[in-house]
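These are the structures in question, set out in turn.
What follows is a pair of complexes built around subunit A, which joins subunit B in one and subunit C in the other.
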Partner chain A sequence: MSETAPSSQRLSPLVTVLLLIGAGIMLMPMLWTLLLSFKSNAALMADSGSAFMPPWTLENYAAIFQGSLTTRWLINSLIVSTGSTIGVLVLSSLAGYGFARLDFPFRRTLFVIVLLGLAVPEQAVILPRHQLFAMLGLHNSYPGLILPSLTGAFGVFFMTQYFRAIPPELDEAALLDGASRLTLFWKVLLPLTWPAQATLGVFTFLGSWNDYWWPLISATTSDYFTLTVGLASAQMNYAQTSGLGFLMAQAVFASIPILVVYIAFQKQIVRAMAGTAVR
Partner chain B sequence: MSGLELIDVSKSYGATRVLDGVSLSIAPREFIAFLGPSGSGKSTLLRIIAGLETLDSGEVHLGGQRIDGLAPGARGIAMVFQHYALYPHMTVRENMAFGLINAKVPKDEIASRIAQAADILEIGSQLDKKPGQMSGGQRQRVAIGRAIVKQPRLFLLDEPLSNLDAALRSRTRVELAQLRNRVDAALIMVTHDQAEAMTLADRIVVMNDRRIQQVGTPAEVYARPANAFVARFVGSPAMAMLAGRVISGESGRLRVRLAGGAELQTAVAAAGIAADAPVEVGLRPEHVTLAPPGSGGIAATVELVERLGDRTFIYTRLAEGSEVIACAPGFSEVRPGDEVLLAIDAAAAHVFSADGTAHHPEASA
Partner chain C sequence: MNRARRDALVGYAFVGPFLLVYAAVLVVPLLMGIVISFNNADLFGRREWIGLANYAQALSDPVLRQAFFNTLTLTLLIVPPLTVIALLLALALNRNTRLAAVLRGVFFSSLVLSVTIVTLIWRFILTPDAGLVAVGLQAVGQPPIPFLSDPAYVIPALAVTTLWWSLGFPIMLFLAGLQQVPGDIYEAAALDGAGRWTVFRRITLPSIRRTLLLVVMLQTAAQLQIFGQAQLLTGGGPGGASRTIVLYIFEVSFGRWELGYATAIAELLFGMILLVTLLQYWFVTRQEGDRA
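Moving on, here comes the complex of A and B:
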């Protein structure tokens, strides 16, 4: 696709200007949020235009750490997203290796079932899942929030394709080198899947971080809210006028981890978005 | 100590038979080449020996021990893969150490073996590079190095030279020849390049159609091919085959009338071949020369001239349609389209029965 031109290519001035305008429009709400977060609620209630004028304050950020549940929600989100990511990577790698390399009964059938999983929308299973989790007493717990993401078929499919692309000669060389199956998997194949792990990991993490629907259903006590659910609930509780600065500080605070992930994995994210083969 | 022994090895993929009752015996330090056309089962046989492929029936023994039930890593065999199969994420040193670590070889022993192999292959300065940073020729050496450090009883090489350019190819060929002198092991090399097999191997195993067609030294395979297939497959340019009929045995030697009418008095013993039996007469290029005009040669039309400098191969076609390749010393001036006369050294001709059985010329009494 032409929009993924190599960065070394010079852009024409017109394109540069258009891109700058586009970026400005995208950035505006974020900068506005950042600005508002440094103003006291009272000042904003009087006139939100005062955001451009001092005095600025850190009191909204202080409020997050004193008494509000935002830190707790942040930690919940971190636990759930990290747990989902690790779980998906482990399961997908093992399953992908199995589907790509091992010969076992019903392998094809099972793989087709996995592929069918890609076609089932979450909406179709969320009700039975809710009932199942209620029966098992999994609501309002970390496992209850993490487990559903581990059933995703995409990771298995993705890793299977990646393992298939590794030349089988490498396995054979390792077998002749006296490697056990475990050594072969751990020391030879898995290190080669690092780019795939990074891509899949980043997407799982972001997906889990931004997930709203399932945590909204599963976590009913605010102790188990994730950030998305927590922030939304806060917006309902505080009239947007009376707590605007605090609300914005929450939003800024909540986006720090995701910003870190984006910066750390920029390369993988851009590649995955551009759809180029990751190697 | 005995080398490698294959006993009646057979292999099918589904309903397709790939190897059919292959038996072969190789001495402990022999250099063997598997030679054959594409799809003849060379790689499959190699992989069965390595343990990468199971066999349907038969036995494999190495050094007096039956190995066909053993895991690939437990057979004392090292293999150099066609595409090298180096571990891309490991340095050269780690690539070579991997098998030794798995075999629990002590650390300093590993270091000294790697140093020694690196020395032999002149890759000492590359040990900390990754395969991706190396040229094809260098990767090839690393692959060989990885095999050497294991000190195997048998080296297997699947088309080791096919990925190299011409210059590197002949250099690596020399190195393979040196390698066999350095290691105390047998070597089997798969190739479909007969020049490679001829230069390097002590014995050549010619394979075709699921079976071993002939096992012999390069000289034997060339001079006394076991059947029409081997005769045609070995030698470049290939042996010409002329259809004919036996007309009589003269002093115990076959006389053959070719389809074009010419008669050849061969040096092949007539015993066991019926008069009037259809046969093919095999003629190597070096036994066919251009006859001076007016002499009693066989008429032919030149189709292609291959001038190699020291000699010229002249591809001709007889009136009845068969192709015959003649050889002239030096730089011949004939051109495609020329009418020439061929002089045939009938005493050197091979004769093949309709079933492919070979009959070789006997030294004249």
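Moving on, here comes the complex of A and C:
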């Protein structure tokens, strides 16, 4: 970008102040949550304003590891999100390569049918899908929680676009050298798609980690709750049970893995968004 | 085996796995839903064909009408401010300074949280007995405000919570859009002595038209399906004042077990989202046609 583009101009003092206030509004709720999580439940019962003052304690975090279901829900979320991510990456890469590079009957028609899936909101399928999965005995199981996220048309569209942008001369050269389609795909093209894999992977992981509607109706025994559903049930029972500090410690604990993923991939996401996602 | 057939087999081997899952877990339920919506069906497999009766019931259901207006109000309270704020932030943060990078991180941060965490956080900001706002009001000697139980406050409370949660993704999209505006257009404008507002209105805005459309379309579709915030923060209350369409679908299907009726409402919502999205798309592309 050139020197006179707005990206190299300095911010005016007024805009800077407004931005800092905005940033304060964004961060305040999180800081409040963090503070509450370090206070004993009893102190918060008396006055939640006491969160601003010591003494702070780690007892709420200790309680998470002592016999609460939170760690079990964390493991469930990790299994479901990792499974969904791997599944989406494998299926979308294969299909994306197929649609971008191979010739077979009904290719265009099939691709259009996949694209139409982008226009189908979750509400249009979630109730009958619940019926279908009940018939197949898939509720309260990992496959039952993972399968719906594998239908995302976006991943296929995204990978197809990405494969199309790779020069076809590369394929021809490799095929002339006697490589099979599978070797070409696996050894030559797939390594080139790493940035796209990272972006699609992060967004899939994020979407699956934060999904609420489907696990809410599919996982009905607490053993199969994901973190979102588990924390929702804890939130509903808040008055009777664990107390405010514990609840907030759960919230912080549940956010840590996703924050780590986000921070690790932030650059990757933003760069890739600028490149491919907005066409 | 001849070459064309071999190629076809290889092609299907690559696209087949996805298409199988897509057909079984998306297409089949989509078609099932249409059939179920014409049935008096419950959650446990009872089916009785009743034609359009579910749709007739939906059109005269006062609870659905209220949920419809709540959802519409929320969408209107969320989408325009969200779009404007996100665009302004993207314009301000679209530069290569360290401060801008840090602030981008801050404004993106809430997008990684789940609806459960977001509502947990905001419950203890808004609730009158322990919330941050109440603590602040108490410090200046004011009584707490029952944001989550007063019909006048529930919808704005849900809107603010959603705004805070949803800001990151539109900013990302706008930043990506702004990055693609070629720098030399700005150089030319600067040479012509164009003011900032002129530059924004005549260059920046037209260049990011497509991104703007994408943001509005995605956000409208998302907010018409708003669910978790209402279910967790207010339970749709008080007296249905914050019940949304999807929350009502959830209540009808998993509370009253009236699967057929719930599916019919879902199909109506599907139609509404499709219509609104197409209208938005048509509106913007038609104007582009006028310019050409």
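In this section, the second predicted complex is superposed on the first by the 258 of 279 C-alpha atoms of A that agree within 3 Å, B and C clash if a C-alpha of one lies under 4 Å from a C-alpha of the other, contacts with A are read in each partner's own complex, and residues count from 1 in each chain.
Just so we're on the same page, a residue touches a chain if its C-beta (ideal position, glycine included) is under 8 Å from a C-beta of that chain, and two chains touch if they have at least 3 such contacts.
Model, not experiment: these values are computed from the prediction.
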Simultaneous placement of subunit C and subunit B on subunit A, clash or fit: fit
Partner chain in contact with A:Q161 - subunit B first, subunit C second, else both or neither: neither
Which of subunit B and subunit C A:T71 touches, first, second, both or neither: neither
Partner chain in contact with A:L44 - subunit B first, subunit C second, else both or neither: second
Partner chain in contact with A:L231 - subunit B first, subunit C second, else both or neither: second
Touching partner for A:P191 - first (subunit B), second (subunit C), both, neither: first
Touched subunit A residues, subunit B compared with subunit C: C
First (subunit B), second (subunit C), both or neither touched by A:A251: second
Which superposed partner A:G178 touches (first subunit B, second subunit C, both, neither): first
Subunit B versus subunit C - smallest C-alpha distance in the overlay, whole Å: 10
Common interface residues of subunit A - those touching subunit B in one complex and subunit C in the other: none
Of all residues in subunit A, those that touch subunit C in their complex: 1-2, 4-11, 15-16, 19, 22-23, 25-30, 32-33, 36, 44, 48-49, 90-92, 94-95, 97-99, 102-105, 107, 110, 114, 117, 119-129, 131-132, 147-148, 150-151, 153, 156, 181, 185, 206, 209-213, 217, 227-229, 231-232, 235-236, 244, 247-248, 251, 254-255, 258-259, 261-262, 266, 269-270, 273-274, 277-278
Interfacial residue positions of subunit A with respect to subunit B in the complex: 167, 169-170, 172-180, 183, 187-188, 191-192
Contacting residues of subunit B [partner subunit A, same complex]: 50-52, 71-74, 77-79, 81-83, 85-89, 98-99, 102-103, 146, 150
Residues on subunit C engaged by subunit A in the complex (per definition of touch): 7-8, 10-15, 17-19, 21-22, 25-26, 28-30, 32-33, 36, 43, 45, 89, 91-97, 99-100, 103-110, 112-117, 119-125, 130-132, 135, 138-139, 164, 167, 172-173, 175-177, 179-180, 183-184, 186-187, 190, 210-211, 214, 221, 225, 227-228, 232, 246, 249-250, 253-254, 259, 262-263, 266-267, 269-270, 273-274, 277
